[in-house]
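Dropping the structures in below, format is structure tokens.
Shared between the two complexes below is chain A, which has chain B as its partner in the first and chain C in the second.
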Partner chain A sequence: MATIIIDGREIRCRDGINVLQAALEAGFDVPHYCYHPGLSVVASCRLCLMEMKMPDPRTNEPQWSPRLVPSCQTPVRDGLEVRFDSEKVRANQRSVMEYYLVNHPLDCPVCDKAGECYLQDYSYRFGQAASRVVDPKHKNPKKDIGPRTLLYQDRCVLCSRCVRFTQEVSGTSELCLVDRGHRAEIDVFPGRPLDNPLQGNVVDICPVGSLLDKSFLFKQRVWYLRTAASICRGCSTGCAIRVDHHEDRVYRLRPRWNPGVNDWWICDRGRFGWDFIRAPDRIVSPQICRGGEAGRVDWSSLPTMIRLRIEQVVRRHGPTSVAAILSPEMACEEAWLLGTFLRGLAPGAPLARGPVFVEGQEERFPVGCAPGQERFIIRPEPHPNRRGVEAVIEGLGGESADLEEILGRAAGGAIRALWVVGGYPRPDWPDQALLAAAEKLELLVVQDMLPGALTRRAHILLPFCAWLEREGTFMNHAGLLQPFEQAVQPPEEALPDGQYLWALAGHAGLYRAARVREMMAAGLPGFDRPHVPPEEPEHAH
Partner chain B sequence: MSGFEPVLLRNVGVEGVRTLKVSESRGGWAAARKALTTMTPDEIVEEVRRSGLRGRGGAGFPTGVKWSFLPKDRKHTVLCVNFDESEPGTFNNRYLAEHDPHLVLEGILIAAYATRADLAYIYLRAEYHELFHILQRALDEAYAAGWFGADILGTGYRLECHIHRGAGAYVCGEETGLIESLEGKRGWPRIKPPYPAVRGAFGRPTVVNNVETLACLPAIIERGAEWFASIGTPGSTGPKLYTVSGPVNRPGCFEAPLGLTVRELIEGDDFAGGMAGGRKVKAVIPGGLSVGILTADELDCRLDFTDVLNYGLLGLGTAGAIVIGDDADMRKVLANTARFYAHESCGQCTHCREGTGWMARIAERIAAGAGRIADLDLIVELCGRMGMMSGMSICGLPDGAAYPIRLIVEKFRGELEEAIGRQPPGYTERYIRDRIPSVYALPVLQAGAAPARERAVPA
Partner chain C sequence: MAWKAIDRITPADDDGDAPVLSEAVREKIRSFFPRYPEKRAALLPALHIVQDAVGYVSHRAMRDIAELLDIPPAQVLDTVTFYSHFWTRPRGRKVVVACRSLSCHLTGAEAVIEAVKRHLGIGEHETTPDGAFSFVTEECLGACEQGPCLLINERLHGRVRPEDVPRLLNDPDNDRLDVPRSDLYDGIRGPTGEMEGRA
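Right after this comes the complex of A and B.
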């Protein structure tokens, strides 16, 4: 711990960081473009300059040094005294902000970044209103630099963050700088577009509207967007994300700072792989099949109906004739509610974890890095919560079985009622073994998102809502339990899974994941204390 | 210049001196032999320190002191020979190496031995095609004769030397820009620390020295530090190459002790021989463009490391003088100067990138006859905001931009104002509006340095 003085205020700060980071963490709004805590320091934008006390060469007395120094390049050390609140520092900030507008097209009205742009914010806070430029602007071009990204070079502040990202984090080095001076441009090499599994991050770290996500282009003004804190479901890494939505429509997913898990980044699979939630044929209402005819039922009558049907099977075939297959797409709370509900009716009911798929291979970044040097890993397990579901099954005690065994028993007639949770947004779900086993059942309850061979066989069909429409917790590959918020309402008619399972379990009122976690904690210690990533310093970006 | 025997240019005009044989017959490589066989590296560093030799690349840093910054426990050291020579008006490195390539190579060997470098790169300016072949031939010959490679002179000392050709960027003459470029990267100067002496080329301790600096070494070794220090003025010791271009009778490269006055350089019979075609001197850019400018009244300025400061110049620079005759238009000099730095700023630092570009456009407009008095103030203001010395940039390029641009405006303000005053009324406003019609719709002309709206909008 070093103690430094910023603007006369004593700040205790972590060792080994630079003054800019210390100032941001202490809540100072120090403007900066080129500095990003996840990238190397280049100290080129010169926005973060500060005054610093240095020993006078003659008297050795600390004196304000006449030259400004980049705070991003100055490591903290005990006793260091700096100031940002000075006319000299402000004059520099004004002058840098003036420079950024010398060639900028000022096309905020048509810019996606407007509203969350640090050129706007800093111009407003640190710049000046009037321009003194009467000469024609140098106009840099707009370029299509990859399948997902556009580059509006005329808006670029040349902070080189994007270039450093592809060099230091993705390790793919597609981006480079060409030409010099104010003609300098970000570019790609001929025939080598920006196309790597982490590419979406360059749009996030671009402080201005220069790098644009094609899938978000002209879709929504950002000031309409509300944000929910969620966890990515793309793989078992468990990256923290922000879900930007407006009027129950999701517009984009972005990373949320989560040191040690995903830091500042997410991969494209997570960022862009959620369009299934907009599928037009999603299952939205509970349905009950009577005499071969599926019919919608009312949510309010559902609990009684389900309860009766299960009790009937238990009465006829005994308490071990009911089983459930819990999907790694479920939240821990949902798995727990369902498990406890079934065990309440059929105490011996075996619970199994549903199938776990494999997608590709583990991808480590920067590409080609030595083991242990990874800065980001995309895991081949394309589910968010295998470990969480397994932990819940174990925590509930009683009989746990593996999937094959349950299916075998169902095929053999020992299991007569099966509750299958799906929710896999993939075409290879469900498989033949499951479909074959389903044939023999007296009662098949299916929770799923999209219609298919399994849902057609279901006696009772329940909607499985997308994770952005639910709240709960996922446990990642390393056993880290992380909560996620509900961002949007499920499609009309549907209820979030947690809500109807809560009602099924006999509780009244609104489902609250945090409350369920408290209930779970008795058998599953620690579930009431999930990991919540720290807040990023307010003025960092 | 009576009594001064040329040291660096002593072989100019000698038939065949580009060959090792003739060079050796004229005493070439004797100093290297003396250094390697009779002196330790530290003794050479000490000798160079005592000679008072200061870098000829522009900054004038004492060479022996620079070498002593290398970490004591280093394993591999790299010597980068700065042959980028891109400073406008400067061609002394070229002149020297074209005429006496072996002197340069000998200097490299001595410096490498003194710094215990095992690898030397000559970073050669891209445009020096012919010179590349001259140097490469000399290097091949020196290699064949055992002056480079393993076990030089049987001392066990090994030095590999390569010529690396640049790609035409001024900023690659800046030492860390040079190192980046040498490593195959974009020539963006590095932030310091770490300094090259600690982590330079390929992560190794590195010394960057100018060609002329190194060419002084053989004479220092041969004749001793005291002899070297006796040449020149206090604090500015040794011989120096001066180049002169512009409307003079004898443009070229000349050798004299440090401390030659600009007047002698232009008018001296041994030097440029006076102005050509009956012109008078209007201005002189004395040390490469980046140091600034002198008026006709300031020709007594001595070209050494200290007197130049009395004239508001950035430093001695390269002593590459550009003479400007009385028929020149200072607006064009200003525009040409500003355009150079806008073209050469590497683009990393905001003040440098945008400031040079903006000033170039203002200066070009002034040169096109559409200037405003306020533009002159604006240029001076912008110059005050750039440079490494104020902390606004990573490298010294914008210091080198601000000095000449500001000094042209300050020292020739009368002429510039007069030229602006001769512009037809309303011309500037029309000129500006023709190019950006929107400019009058915004309150730009009311702000700061711009003239008031009433004056700006023609009726």
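Right after this comes the complex of A and C.
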């Protein structure tokens, strides 16, 4: 711990950081473009300059040095005294901001970044309203630099964050800085576009409207967006994300700072892989199949109906004739509610974890890094909550079985009622073994998102909502339990799974995941204290 | 769309499938590797060598260099474009560079520049139809005391008078350097001290 003085205030700060980071953490709003806590320091934007006391060469007395120094490149050390609140510092900020706007097109009305742009914010706070430039602006081009990304060079401040990201985090080095001086531009090698599994992050870290995501281009003004804190479901890493939405429509997913898990980044699989929630044929209402005809039923009549049907099977075939297959796409709370509900009716009901798929291989970044040097890992398990569901099954005690066993018993007639949770947004779900086992059942309840061979066989079909429409917790590959908020309402008359399972279990009112976690904690210690990453201060972008 | 974005996804037209660097050029580049802790450090010598041999550094040549040095092509592009010394497009066999900065201007560069344009029949940043000459101006050639200066390829001509220009441009040896730049840059000296690998 070092103690430094910023603008006359004593600040205790972590060792090994720079003054800019210390100032930001202490709440000072210091403008900066090139500095990003996740990237190397280049001190090129000259916005973060400060005054610093240095020993006078003659008297050794600390004195304000006449020269401004970059705070992002000055390590903290005990007793260091600096100031940002000075005319000299402000004059520098004004001049630098004026310089950044010399050739900028000032096209905020048609710029996606407007509203979350640090060129706007800093101009307003540290710059000036009028420009003194009388010469015609030098117009830089727009470039198509990759399948997902556009570069508006005319808006770029050449902070080189994007270049450093591809060098230091993704390790793919597609981006570079061509030419120099006032002609410098960001570019790719023609024919080697920006195209790596982490590339979406460059759009997030670009402080201005220069790098833009094609899928979000001109889609929504950011000031209309609301944000929910969620967890990515793309793989078992469990990256924290922000879900930007407006009027129950999701517009984009972005990373949420989560030190040690995903830091500032997410991969493209997570960022863009949620199209399925907009599938036109999603299952949106509970349905009951009578005499080969599927018909909608009312949510309110459902609990009694399901209860009666299960009780009937238990009466006829005993308490071990009911089983459930819990999907690794479920939240822990949902798995627990369903498990306890079924065990309430059929105490011996075996519970199994549903199939776990494999997608590709583990991808480590920066590409080609030595083991232990990874800055980001995309895992081949394309589900968010295998460990969570397993933990819940174990925590509930009683009989757990593996999937094959349950399917075998169903095929053999020992299991007569099966509750299958799907929700896998993949074409290879469900497999033949499951379909074959489903043939023999007296009662098949299916919770799923998209119609298919299994949902057609269901006697009772319930909508499985996308995770952005639900709340709960996922447990990642390392056993870290992380809560996610509901961002949007499910389509049409669908209810979030947690809500109807809550009602099914006989509870009244609204489902609240935190409340369920408290109930779970008795059998599953620690479930009431999930990991919530620290809030990243707004200015510490 | 009302605006156009430059396509950077498609390879450049000078970026063919076949490598363009000869084995001799490659070998010369490789000979610089032992001098540095990392291969990538040989980038500048490599660029000089390629420009000497081919006349300019095409996108395909950049990729060849990247492969040899085990670095991403974007990093070669980054370096090539940083230095105005390197050409990325074919240029005239001889590039005439005139200084337009202060010392040369005061000592008569304007008239020299006019004389060059008149003699070659081209303007700035143009190449003669036969591909013999390209003409550009630069901010400073670093030889202020000899102004006005003309640089023809690698060879500097100082104290040029407008009336010298025709003779100078007609001289077939006007660009001949005693030692090619890529040797000077980090030349390999043989046991007797003479430069090896001379063109």
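Note that the second predicted complex is superposed on the first by the 541 of 541 C-alpha atoms of A that agree within 3 Å, B and C clash if a C-alpha of one lies under 4 Å from a C-alpha of the other, contacts with A are read in each partner's own complex, and residues count from 1 in each chain.
By definition in this document, contacts are C-beta pairs under 8 Å (C-beta built on N, C-alpha and C of every residue); 3 or more make two chains touch, one makes a residue touch a chain.
Predicted model, so just to flag it, every value in this text is computed and none were measured.
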{"item": "Fit or clash - chain C, chain B, common chain A", "value": "clash"}
{"item": "Contacts of A:D497 with chain B and chain C, given as first, second, both or neither", "value": "neither"}
{"item": "Touching partner for A:R67 - first (chain B), second (chain C), both, neither", "value": "first"}
{"item": "Touching partner for A:L49 - first (chain B), second (chain C), both, neither", "value": "first"}
{"item": "Touching partner for A:E174 - first (chain B), second (chain C), both, neither", "value": "second"}
{"item": "Touched partner set for A:E381, first chain B, second chain C, both or neither", "value": "neither"}
{"item": "Greater chain A contact set [chain C / chain B]", "value": "B"}
{"item": "First (chain B), second (chain C), both or neither touched by A:H182", "value": "first"}
{"item": "Chain B versus chain C as contact partner of A:D448, first or second or both or neither", "value": "neither"}
{"item": "Contacts of A:P190 with chain B and chain C, given as first, second, both or neither", "value": "second"}
{"item": "From 152-160, 188-196, 224-232 or 242-250, the chain B stretch with C-alpha clashes against chain C", "value": "242-250"}
{"item": "Contact residues common to both interfaces of chain A (with chain B and with chain C)", "value": "176-177, 179-180"}
{"item": "Contact set on chain A toward chain B in their complex", "value": "41-47, 49, 67-70, 73, 92, 95-96, 99-100, 102-103, 128, 130-138, 157-158, 160, 176-177, 179-184"}
{"item": "In the complex with chain A, residue positions of chain C that touch it", "value": "3-12, 15, 59, 62-63, 71-78, 81-82"}
{"item": "Chain B residues touching chain A - in the complex, by the definition given at the top", "value": "169, 171, 186, 191, 342-351, 353-358, 361-362, 365, 378, 385, 389-394, 432, 435-436, 439, 442-450"}
{"item": "Of all residues in chain A, those that touch chain C in their complex", "value": "141-147, 150, 172-180, 187-193"}
